[in-house]
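There are two complexes below, and they share chain A, which is joined by chain B in the first and by chain C in the second.
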Partner chain A sequence: MKKAPTIITGTVGMDAHVIGTKIVSRTLKDAGFNVIALGMQVSPEEFISVAQETNADAILMTSLYGMAELDLKEFNEKRLEAGLGDMLLYIGGNLVIGRYDPKEVEPRFKQLGFDRVYPPETDIVTVIENDLRKDLKAKGKM
Partner chain B sequence: MKKLRVRNKKIDDDLLMKKRREELDKWPTGKEVDFDEAVAYQKSLPDSKIWWKVMTKLREEGRMSVFPRAGTPVLEKMIELCQGLRDSGVVLIPVTTDSYTRLCQYEKVEDILKECEKTGKPLLNGYPIINQGVKKTRKLVESIDAAFSPRGAGGEIAIASGMTTAEAGVGFLGFGSYVKNMTIQELVESSQNGMRVIGWYADRGVILCKDLHGWLPSAPFPLSINIVCMIIEAVTAAEQGQKALYPLVHCMGNMTQDLAWIKLAPRVIREYLDKFGYQDTMIIGTCPAQTPLFPVAMDMGGAFAYLCYASMVGALSKSNAVDLRSIDEGAGVPTKDTNTVSYRAAKWIFDVVREQQVEIDIKGIDTEEKVAETEVRAILDRILDLGDGDIVDGTVKAVESGVLDSPWSPNVNVKDQVLGVRDARGACRYLEFGNLPIPEEIKEFHRGKVAEREKLEGKKVDYHSTVKDLWSLSKGKIVGIPPYNQ
Partner chain C sequence: MDDIRLLIDFGSTFTKVVAVDLDKVEVVAAARVPSTVESDITAGLGEALTKIEANTGIGDLEEREALACSSAGGGLRMVCAGFVPELTSKAANQAALGAGAKVIGCYSHKLTQQEIKEIEAASPDIVLLSGGTDGGDEQVIIHNAKMVSRTGNAVTNIIIAGNKTAYDEIRAIFSDNSKKVIYTRNVMPEIGVLDVAPCNREIRDLFMKNIIEAKGIARAKSIIKDVIMPTPSAVLEAAKLIADGCEGAAGFGELIVIDVGGATTDVHSIAQGKPTQADTIAAGLPEPYVKRTVEGDLGLKYNLDRLLELVKVRETPANFDAIVQGFHEGKLPQTEEECACHLLLSCLTTEVAMSRHAGRIEVVYGPAGERLVQYGKDLTRVKNVIGTGGPIIFSSKCREILQSVLFHEENPFVLKPKDPKFYIDEQYILYAVGLLSQVEPEKALSLARKYLKRI
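Entry: the complex of A and B
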């Protein structure tokens, strides 16, 4: 049996909301993953350096305050420079300010390098079972 | 019986004055503050601008006001926004400051503020009170016949501008809900550094008011911990010279509990203020507050209903204010128009329900009040034991050992070993007690209530139930059975 994939979690930018990422972290742990929980207010640079140190297989980022796009402007470039192009990137939450259609927001975050983009109130168990396991298997990491 | 006391390192007057001036020197507008002139200006204010007097008058007249949130960077727009609030019946007006001001990044604010003024666009998410300074902010205060409260920042610029609330005491708001790395010792140091500004003004006959937040219950969780922390905040503020305060009571959506907590909080805060010898500190009202997750931005109907629920609880509990968000809370920064419709809805309830002076007697309020009161006393007794009579020393030890604990805190120095869930009636119960010193018979009461939900749902209540409950109120379904349409 391969060892459990390593997943990094955290809320990006200056966002102080923590409940979402705490739920993501605990549910991942319960599902048998090796979780590195960075908590709230994690800079894009911190995500990248921790991913390098731990050889992580995926980052599951959360954001609630609506400014994630600003926080992640140069993230993709930096993570590619850091040699992390093969790492899975998911993001979910309240991703822009105001009332919005999640379908319009998804392509904007895919442009920023994210493999999957989730609207508010997404069920994390479904994400893990339907998407994460499948994507990790496709990359030969599970 | 041990002697009750409140550790507080007071610095001498010369050092106090020096520190106040240093704080103001962080930005040029600080020069606009002349301490003696500020006292004279405060004394010249009409009663309608003095927070504690406005709340006292509301209570005496059996009326109430919304206490909203509002802030926009350009002065003229801010006046317009606040006038809109006043036109909707609001007499308690907040000045919500922007995030950069809260982080003391005044240079950054200055550039953005210039851009805001040039383009008329609100590029900051609040009113930058430090950069605007005293002269301009006085214009805001003088334009509208209401009392003003700075939110998040402001200090003596706000006081000199004629705002009539200020912070004091060991407050858990930031420590428990907004910061990642602060220790409880650091919190005590920063809030008890002898900057007894509130006391300095009180000595000169200017009474500044404060709201008590306690440790925010970020999710469905019994309110006892929060009330204990409001007591700690109240007595430590009183020790620094605070003469007027009131509790914000965080409503969780079970009406029986919400009403019980609104009755209990001011009663026990008064009792402990007296026990510690602060009989001259007034509690000038109660203010129910909306705390759990708000409906998502797209659900405007839900948002309306939620703010009307809080207004109704305020009206039925005969409170004199309600801390209310607008229907735009889930969408970001509220506009004048959404504020107006939101607060007119609240005012409708205040005018129709509050003024009926309804005497309600909901079965179960007494039980909930008794349960919460027993918990509050048990936790405070343990804190005072740990501190050998000193509430501040006890608090430090209590947080370090999880005797004071709350779920979902972003702070890595919090134990976070407790969890709450709703029961079969939507009331908040403990699922995990952690190290809280709750008496065994009260624990049994909670376990019994959780068991009723398990029977109703036909499955074990566990961590996933607590996660589901985070959305219970925002989705308009707090009782643990599936909605009819599912």
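Entry: the complex of A and C
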């Protein structure tokens, strides 16, 4: 059996809303993943250096305060530079300010390098069971 | 006969011996003779001991119990190689410095042929490999182990302190290799955790068992009991004891020791260093409670060039350049003018070394406004600063030099001490306190209390 995939969690940038990432971390742990929970206000650089050092398979970022795009400016370039092009990137939460159409926002975050983009009130169990396991398997990580 | 203990420091230039009366907690004799490690270390030691014998009437009995530390033969020279610069490389660096080593090279990511050549040319006493949290990245440390395994005789001692998952493969790499390889716990077992103590112990152990032998220092064991640690490590042990005290005796509380030397300036802080201002977030690797930094470019004899660069922005006394040239040639300050120049350089060294050791606050601007992020240790509330090393001890204005460690309102983001008491190690006994702390901690603490002079 392969070892459990390593997943990094945290809220990105200046966002201090920590509940979402705590739920994500807890659920991942219960589902048998090796979780590195970085908590709140994690800089894009910290996500990258931690992913390198821990050889992580995916990052699950959360953001609630609507400024994620600003926080993630240049994140994709930096992670490609750091040799992490193969790592899965998910983001979820309230990604822009105000009410928004997730269909409009999703491509903007895909542009930033994210494999999957989730709107508010997404069920994390479904994300793990339907998407994460499938994506990891496809990459030969599970 | 009183219970007298001899404590010895084999330096690169001098062999120093102090004789301490343990009953009265008193220094009864001290001697300083030129070091003879290049030829035969026992010659200089014998000479120093003869001087002490003449003054105290001690003999073989005490000499066989004597403990020593050493920075001779270039000190304990180490190269560290980790993965991410601000994570495992930094952790390895901390582990080496905390064990009293001189870090002569620090590398990150996969080592290249060119870097291996550099390492071989530097010929370090120990190469320390880290990389990957436990269960994390294995590639970098395995690659680096392979590269290091192919080095020639210039590299003989290797300590592996990285991702434990990689150890089986690393053992296989070194299986038919004549190098001494030691495996210890990961210096960074998980993100946000620094675990340098086991690595520190292995470094010191290797120093005692192999390195002093290779440098000819172990020959001293024909006269004395043992050479138990590198000198910087003895000073660090002393600092720890003086700060924390021991069973039955309280220490001074959190403190900083600043040691200005000819080639380097060491700063030790025994302090938690947590943020003291509200709304400040600590970032980066956790800071060790016992932290040592070495400024290899700041010294008052060998590294004057760098200091002169820093001095350019200041007002200098008359004849500054000519006088400094004299220091370069090994002259000691005597005239008033020379003393003024030396004082300026000492203050500058102290100030810069302290600023680099202390933590700093960076203001980060983001969508939600301003945020204060602390990197390193907040030392603003540390209440004790101890000065040692020739330029401080022998200066008539030692208080002025030590005051250069202070916090400045015009640069409030450098977290230096605000209102400490100042002490000097007038008799140069900190190393002796550190050595003695290993066997008689309470007596060692009393010795420090007695001989550290409040200024």
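One rule holds for everything that comes next: the second predicted complex is superposed on the first by the 142 of 142 C-alpha atoms of A that agree within 3 Å, B and C clash if a C-alpha of one lies under 4 Å from a C-alpha of the other, contacts with A are read in each partner's own complex, and residues count from 1 in each chain.
We take it that contacts are C-beta pairs under 8 Å (C-beta built on N, C-alpha and C of every residue); 3 or more make two chains touch, one makes a residue touch a chain.
In this text, all values refer to a predicted model and were calculated from it rather than measured experimentally.
Colleague: Identify the partner contact of A:Asp86: answer first if only chain B is touched, second if only chain C is, both if each is, neither if none is.
Modeller: After superposition on chain A, A:Asp86 lies in contact with neither partner.
Colleague: Let me test your reading of the model: by the given contact rule, A:Glu53 touches which partner, first (chain B), second (chain C), both or neither?
Modeller: In the superposition, A:Glu53 touches chain C alone.
Colleague: Regarding the shared-chain residue A:Arg99, is it in contact with chain B (first), chain C (second), both, or neither?
Modeller: A:Arg99: touches chain B, not chain C.
Colleague: Name the contact category of A:Gln41: first (chain B only), second (chain C only), both, or neither.
Modeller: Both partners, chain B and chain C.
Colleague: Looking at the overlay, does A:Met14 come into contact with chain B only (first), chain C only (second), both, or neither?
Modeller: Once the two structures are laid over each other on A, A:Met14 reaches both partners.
Colleague: Using the superposition on chain A described above, determine whether A:Arg26 touches chain B (first), chain C (second), both, or neither.
Modeller: The first partner, chain B, only.
Colleague: Where does A:Glu121 make contact in the superposed view: on chain B (first), on chain C (second), on both, or on neither?
Modeller: So A:Glu121 only meets chain B here.
Colleague: Which parts of chain A are touched by chain B and by chain C alike?
Modeller: Looking at chain A, the two contact sets intersect at 14, 41.
Colleague: So in the complex, which bits of chain A are touching chain C?
Modeller: 3, 6, 13-15, 34, 36, 38, 41, 43, 46, 49-50, 52-56, 65, 67, 70-71
Colleague: List the residues on chain B that touch chain A in their complex, please.
Modeller: Going through chain B, the ones touching chain A are 99, 177-180, 218-219, 296-298, 330-333, 408-410, 412, 463-464, 467, 470-471.
Colleague: Of all residues in chain C, which touch chain A in the complex?
Modeller: On the chain C side, the touching residues are 83-84, 86-88, 131-133, 135-139, 188, 190-191, 281, 283, 364, 366-368, 371.
Colleague: Across the complex, what residues on chain A touch chain B?
Modeller: Against chain B, the touching part of chain A is residues 14, 16-19, 22-23, 26, 30, 39-41, 66, 94, 97-100, 120-121, 125.
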